[in-house]
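This is the structure I want to talk about, given as structure tokens.
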Amino acid sequence: MTDRSQRSRPTGELLLSLREISKNFGAVSALTGIDLDVHAGEVVALVGDNGAGKSTLVKILAGVHQPTTGTISFQGRPVHLSTPSAALQLGIATVFQDLALCENLDVVANIFLGQELSPLRLDEVAMEVRSWTLLNELAARIPNVRDVVASLSGGQRQTVAIARSLLLDPRIIMLDEPTAALGVAQTAEVLNLVERVRDRGLGVIMISHNMEDVRAVADRIVVLRLGRNNGIFTPDASNQDLVGAITGATDNAVSRREGRLQGGREQFPEALQ
Amino acid sequence: QTAGTVAFLMPDQASTRYEQHDFPGFKAEMTKLCPDCTVIYQNANADVALQQQQFNSVITQGAKVIVLDPVDSSAAASLVSLAQAQGIKVIAYDRPIPGKTADYYVSFDNQGIGKAIAESLMNHLKQMGVPTDKGGVLQINGSPTDAAAGLIKDGIHEGIAAGGYKTLAEFDTPDWAPPKAQEWASGQITRFGADIIGVVAANDGTGGGAIAAFKAAGIDPVPPVTGNDATIAALQLIIAGDQYNTISKPSEIVAAAAANVAVKMLNGETPAAEMTLYDTPSQLFVPAVVTRENLKAEIIDKGINTAAELCTGRYAEGCDELGIK
Amino acid sequence: MSNDIPVAKPAPTQLDRSDVRVSHATGISGAVGSFFNRVKSGDLGSLPVVVGLLIIWSVFTSLNPVFLSANNLVNLLFDCSTVGVIALGIVCVLMLGEIDLSVGSMSGVGSALIGVLWVNQGVPLPLAIAAAVTMGAIVGAIYASLRTRLGMPSFVSTLSGLLALLGLQLYMLGSTGSINLPYGSGMVNFGQLMIMPAWVSYLLALLPGLVILYTGLRAMDQRRNANLTPGSTGGLVLKASAIAAGLVGIVFYLNTGRGVPWMFGLFVGLVVVMNYALTRTKWGRSMTAVGGNAEAARRAGISVRRIYISAFMLCSMFAALGGVLSSARLASASQQAGTGDVNLNAIAAAVIGGTSLFGGRGNAWSALLGIIVIQSIANGLTLLNLSSSLRYMITGGVLAIAVIVDSLARQSRVSHGRA
Amino acid sequence: MTDRSQRSRPTGELLLSLREISKNFGAVSALTGIDLDVHAGEVVALVGDNGAGKSTLVKILAGVHQPTTGTISFQGRPVHLSTPSAALQLGIATVFQDLALCENLDVVANIFLGQELSPLRLDEVAMEVRSWTLLNELAARIPNVRDVVASLSGGQRQTVAIARSLLLDPRIIMLDEPTAALGVAQTAEVLNLVERVRDRGLGVIMISHNMEDVRAVADRIVVLRLGRNNGIFTPDASNQDLVGAITGATDNAVSRREGRLQGGREQFPEALQ
Amino acid sequence: MSNDIPVAKPAPTQLDRSDVRVSHATGISGAVGSFFNRVKSGDLGSLPVVVGLLIIWSVFTSLNPVFLSANNLVNLLFDCSTVGVIALGIVCVLMLGEIDLSVGSMSGVGSALIGVLWVNQGVPLPLAIAAAVTMGAIVGAIYASLRTRLGMPSFVSTLSGLLALLGLQLYMLGSTGSINLPYGSGMVNFGQLMIMPAWVSYLLALLPGLVILYTGLRAMDQRRNANLTPGSTGGLVLKASAIAAGLVGIVFYLNTGRGVPWMFGLFVGLVVVMNYALTRTKWGRSMTAVGGNAEAARRAGISVRRIYISAFMLCSMFAALGGVLSSARLASASQQAGTGDVNLNAIAAAVIGGTSLFGGRGNAWSALLGIIVIQSIANGLTLLNLSSSLRYMITGGVLAIAVIVDSLARQSRVSHGRA
């Protein structure tokens, strides 16, 4: 869209490095032999088809799942991320695809969950102010931060989850489809945000199905397909190449649809019902 | 004749006697002796705390005399002191209150009951010529958390010891529940088989459970099984020859005695005492063991139950045999 | 390229084999292998409870060999049946994440009704049983409407019910205390003596294997025709024959004693019917759905209210039936029937068997397995001479042990990411 | 993208018509005086900021919520949608944003929930075959339809939810952000699907934050803002107009971001932390 | 336009007033109005339970005026305190969606320990109490580790615990049956007689109002400074004075009788502390979070294990303390202590007060409210001459009625979309 060549910036220290990560769920191999590197000040986009294993990979890095095999090193040292708090302590903050919010708590409580101010006498006022600030930064449209999360719309929840991750002072932020439910303005703010944290030297892993967003902020695009590495692209790769790598075929639904639309509209065979 | 409020606090529901016999008997006698008196009846459902609540509540309602059948004999001591501190008289009923001297004690003797049923069974076994060295009896006690059950249990121990027969196994039935007794007895039947020469059960419910276990194991005839309370169901089993004995406690007698004492206390008199137990002036009634032999005499002839109540359906035949009409 | 062929091309491979990430087992060795894989990953269904049961059994047998004697096991089966039927009803409400604390009292009312109607009033037995079950249905319907119309938590409504029904039971039996059911009547014989003829028991023991084999083969055929993987014939035959052999073995052993009680047969029959209803009918599917996510089920057009009504009614009806059976077993309708730990035992049986208290997970077999565990402990302890205090402590400990195996297995399933 | 003028087709009968619909949640007015018409053979796109009330509107039409005030007519007759099954019986099928799947049931069971084949003896084989067909039509990547939905990825769940709605023979399909979690290929298939059902004469209400997708399939674009109608656009409206209507300002995060990107990259003020 | 000002512009309006869709109430009339709005939409907190309670009270008073006599109410308060403390512990585990069925037995063990250690062994009373509470802590820790390490459902582990602890209680009291606590000792006086001096009771009755006023005003100040809406001062004063007036009124009435029991004061004190801990500390927040969504809490870095341990330990410790209090109340450590319906009453109290069995919703006050409801029913019925069967039926019915009001209110909340 815009000229991206200016983006080839020197990247910082190697923060995170995965080697040969595999994960089986029963008979399903969700991940097989995944390698991935993330440097400081770099946005790595993780793309792939539905069920390609992106979220599973993120969950492994967040300490939610344990890999079946493979090694993870953080700043050169091999680490064992046995619980989410281990990952949080290393400075790995995550926005999960399923958001992982407590529906029975209000917005403020969710944002500060696990990092409440003054543990023995919660400072509700300070927390509320900080929540409003964070949410406004993300252009959130939340009527009342004292409403429980259960009453929020999908996009509002997503903003809350993103706001959560900003509270910490992480080394790496992982965003699993952060803009999926967001409105256009909120999406723009999140992309701004990603660029901001990248510029502050954090590593960012971002998962998205929106190729435009990906190309807008990513320094490197890592493609997963059916649980395996399927190529690394630069943001200036063509849409066709990317979609080809994601779907594993040049003749895919996207190209067919585009072809059809260019070829004019026609009747569809009755494939439904 | 001073009118006043008298409370009648009963402990549990383990048998129907309290609501079928004790209270009606008490009430009837009270109406006779003091028509203007108010009688409050409460049942604590085997809950000590609830009994305390009821005790406090009848005091708030102005009871001057409280007839108390304690859920827990020893815990009741504090209730007695509480009442006496306010000048309220307490009559211990059915179960003694050893920890604190009540103003009066009327009862059938629970330990005596245990001893009586056990002895009656022992004698029966001797009469039948069962050797003392072969086999033994099962002992089914009442609830492990019930103080009265503990007294009966002690009595049974005494009775068996005197008889010279062995005890094969012993069981405290949780909540006096007949199904538990049945389950346990079934286990012992597979365990000891023909070695079981009799069962001393602490009440009619558990005894009935034991009989059901023998029947279910296909054992015929059922070894002699004891009971206690003289419930209609148990009397019928005795008529049918399935149960050996039970205890007839015409509670109305004791209840009437309690009413008598209560009215005297209301009037400020000191009731006469036959004896002193636990430092308390007491009146004890001796219960009668009922077997097939004396059932007619003890139950029908004394008007405790009518033939019509007992001789229903398949029991009519047994009634005829015993000459009950 | 502009031609819009539906993406589902005539599949070269079977429909459910199109994903390369799934590993598939083939043949007998595959079936056995995948079984061991499931063992390793803790995905075992009822197996851990069975293992826990075996542990309990070996311990009790080593303490007193009478435990495993055929006649003792027959007693065990008799005793299982009454509370087991109640637990079966509990499974229904637990499936919805609800609870019924009143099953004990309900069973007491059921047994009281038999005593009063049949013995005292001379109503024909089938009518009396029908009355008891109808009473259960009414009570269940009341709970369900309190739950669905007023949103009253079932814990509270059934606690009220517990008390009210207990009062009713006392009231009905009030004048007499307890009522003897006539020894020698068919009813009491059913509860105490009636044993299947040997040939019937063997036939019934073979039946499950045959049914599994037949339906399995039919399903395979259908799947093959529908271009789905049929699964391994060898595995199926292995499974069916293992089950048949196991059951025949058990029945053989029981027949060396008194044999298989009809009452237990009735209980197992009810379990099988409920299992079918819960797994193979639309109603059962709706039950699971409502238990898992009532709102999603509602949005799918399921009448959540009707599902609640059916579950609560079934639960109370089974409780009433359990009361009827227990009166037959005890040959008496007593005031204590259904009091004490009947409630807890029935609920615990369902939970121990693997039904979740939170809804959406459970099966009819859990009632059977759970009640066998509980009764085994009770029965095993009756064979030891213990004081009450020790008996309680040991019951607690053994119960914990029985469930630890299951918990460990489930734990391993979680750590294998299959929570 | 492609020439959309050919799209101005005659639309069919008026299926659904809302007048003055309002909905309050406690102190929050989620919807105020909403009017909306849907014709047969028409795709109405519902767009708006996060929390604008789109999902609330859909839930009202699906019978999940009751409107506080206002009237709904279906095929000219006023209707009262008191339960979801009332809506389903009228022929209103819905894919909810929160998907409303039963996590403890497998994929097949979820797809057929409420419309199982042969209720007294579930025909599992037929249901499984039909499920595979539906899912393949949507280019779903689901390893095993006998896995419980709890083990599926976000996109896989969304495909399951969409597949569900195709089972019925509805008059109107409402899709609440159906492509949010979908991969590129799956998105293309869903857009194909929307066009297919439109051409079969169904009314379609589609909610999306992706303006491109919206423009690709919509016949009419209805904008909600803070719970009120905020204009109706045709698919050839400019992005700027649409985003302006959605955010309520011409100077919005999107335009700012675009402006900035065109103006070259610069340092951000430290708004984070 | 190219300047990247954070979107949060220096707010012209207060932060939480920026959304036009929210209607706000101002001033006293606003506060009152919004209260009535909440009544209409059913968003009422504990009010419906209080209404249910008032209904029960009026009925009982009309049946027997003694019910409302000051001394009867004082008895009621004494009786509330023991099971109430146990219910307070139950609230903790219910918050996590867990259950503890063993609180009854645990309280029995607690009271037995007092009897054995203090009375029989001559251990100083504080040490004996500490021993009882420590015992509770150990038992709770065991449950928690069975739950977190082995994943054993707490229903099963605490059921085992129920039995094992009951055995232990019987074992400890086995030789003597039950042990009387010395009448006249401070302990027994505390449980039976000790009443606050009038001035203390009035002071304590005023305190809540003052604290609400003070903290409310402070919070308003902070909020104003932080550019948040401070809320209405008038409303706050109204609320604080209503509470103060209500409490003083109640205390005045009780003082016309014997007065306010210290034991009840202890109970309320514990409720207040727990309420603070649950609502105003990080620990309480984590409890709510784990109860609502344990996985989300875990991902937020909360040590779910530690939360479980704390909850189960607190529950068993409160149960043990409840046992200590009940031994003081009865002046006896008996074998019956903690048996019967103590478990169900404690759990029911928490549930009736509004704590959910499914976790994530509940508060410490529910223990207080719930136990008052339950004890009012029990106490009210002791003032009527009823046969047991009637008593049970009426208890059941009244219990249902007490909760129906709450259920109706919640129902209306659901239909107003605020489930």
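Letters A, B, C, D and E mark the chains in the order given here, with residues in each chain numbered from 1 onward.
Just so it is clear, a residue touches a chain if its C-beta (ideal position, glycine included) is under 8 Å from a C-beta of that chain, and two chains touch if they have at least 3 such contacts.
Small disclaimer: the values here were computed from a predicted structure and weren't measured.
Q: Spell out the chains that contact subunit B while also contacting subunit D.
A: Touching subunit B and subunit D alike, sorted by label: C, E.
Q: Need the graph distance between subunit D and subunit E over the touch network, please.
A: When the steps are counted carefully, the minimum from subunit D to subunit E is 1.
Q: Measuring between Cα centroids, which chain is at the maximum distance from subunit D?
A: Farthest by centroid: B.
Q: For subunit C versus subunit D, what separation do you get between their C-alpha means, in angstrom?
A: So the centroids are 43 Å from each other.
Q: How many angstrom between the C-alpha centroids of subunit E and subunit B?
A: Taking the mean C-alpha position of each chain, the two centres sit 41 Å apart.
Q: Quick one: report the Å distance separating subunit A from subunit B, using the average Cα coordinate of each chain.
A: Here subunit A and subunit B have centroids separated by 75 Å.
Q: State, to the nearest whole Å, the distance from the C-alpha centre of subunit C to the C-alpha centre of subunit E.
A: About 36 Å separates the centre of subunit C from that of subunit E.
Q: Identify all positions of subunit C at which a residue touches two or more other chains, and write them in rising order.
A: Where subunit C meets two or more other chains at a single residue, that happens at 4, 6-7, 19, 21-22, 170, 174, 387-389, 418.
Q: Two or more other chains in contact with one residue: find those residues in subunit B.
A: Residues 13, 19, 144 of subunit B each touch two or more of the other chains.
Q: Any chance you could list the residues of subunit D touching two or more other chains?
A: Where subunit D meets two or more other chains at a single residue, that happens at 25, 27-28, 137, 139, 141-144, 151, 189, 192, 226, 253, 256, 268, 271.
Q: According to the definition of touch, which chains form touching pairs?
A: Every pair of chains in contact is listed here: A-C, A-D, A-E, B-C, B-E, C-D, C-E, D-E.
Q: Give every residue of subunit D touching subunit A within the complex, in rising order.
A: 1-2, 6, 25, 27-28, 48-52, 54-56, 97-98, 137, 139-144, 147, 151-156, 158-159, 166, 169, 177, 180-189, 191-193, 195-197, 199-200, 209-211, 216, 226, 243, 246-247, 252-254, 256-257, 261-262, 264-265, 267-268, 270-273
Q: Using the touch definition from the top, list the residues of subunit D that touch subunit E in their complex.
A: 23, 25-30, 32, 65-66, 226-227, 251, 253, 255-256, 259-260, 263, 266, 268-269, 271
Q: Within their complex, state which residues of subunit C touch subunit B.
A: Those residues of subunit C that touch subunit B are 64, 66, 69, 71-72, 75, 78-79, 82, 119-120, 170, 173-180, 182-184, 188, 191-193, 258, 326, 329-332, 334-337, 339-341, 378-379, 382-383, 385, 387-389.
Q: Which part of subunit B faces subunit C closely enough to touch in the complex?
A: 13-16, 19-20, 144, 169-172, 174-180, 182-184, 186-188, 190-191, 204-205, 208-209, 211-212, 215-218, 231-233, 236-237, 240, 242, 312-314
Q: If we count contacts the way the header does, which residues on subunit D are in touch with subunit C in the complex?
A: It is residues 62, 64, 83-85, 88-89, 94, 96, 100-105, 109, 113-116, 119-122, 124-126, 128-129, 132-133, 136-139, 141-146, 150-151, 164, 189, 192 of subunit D that touch subunit C.
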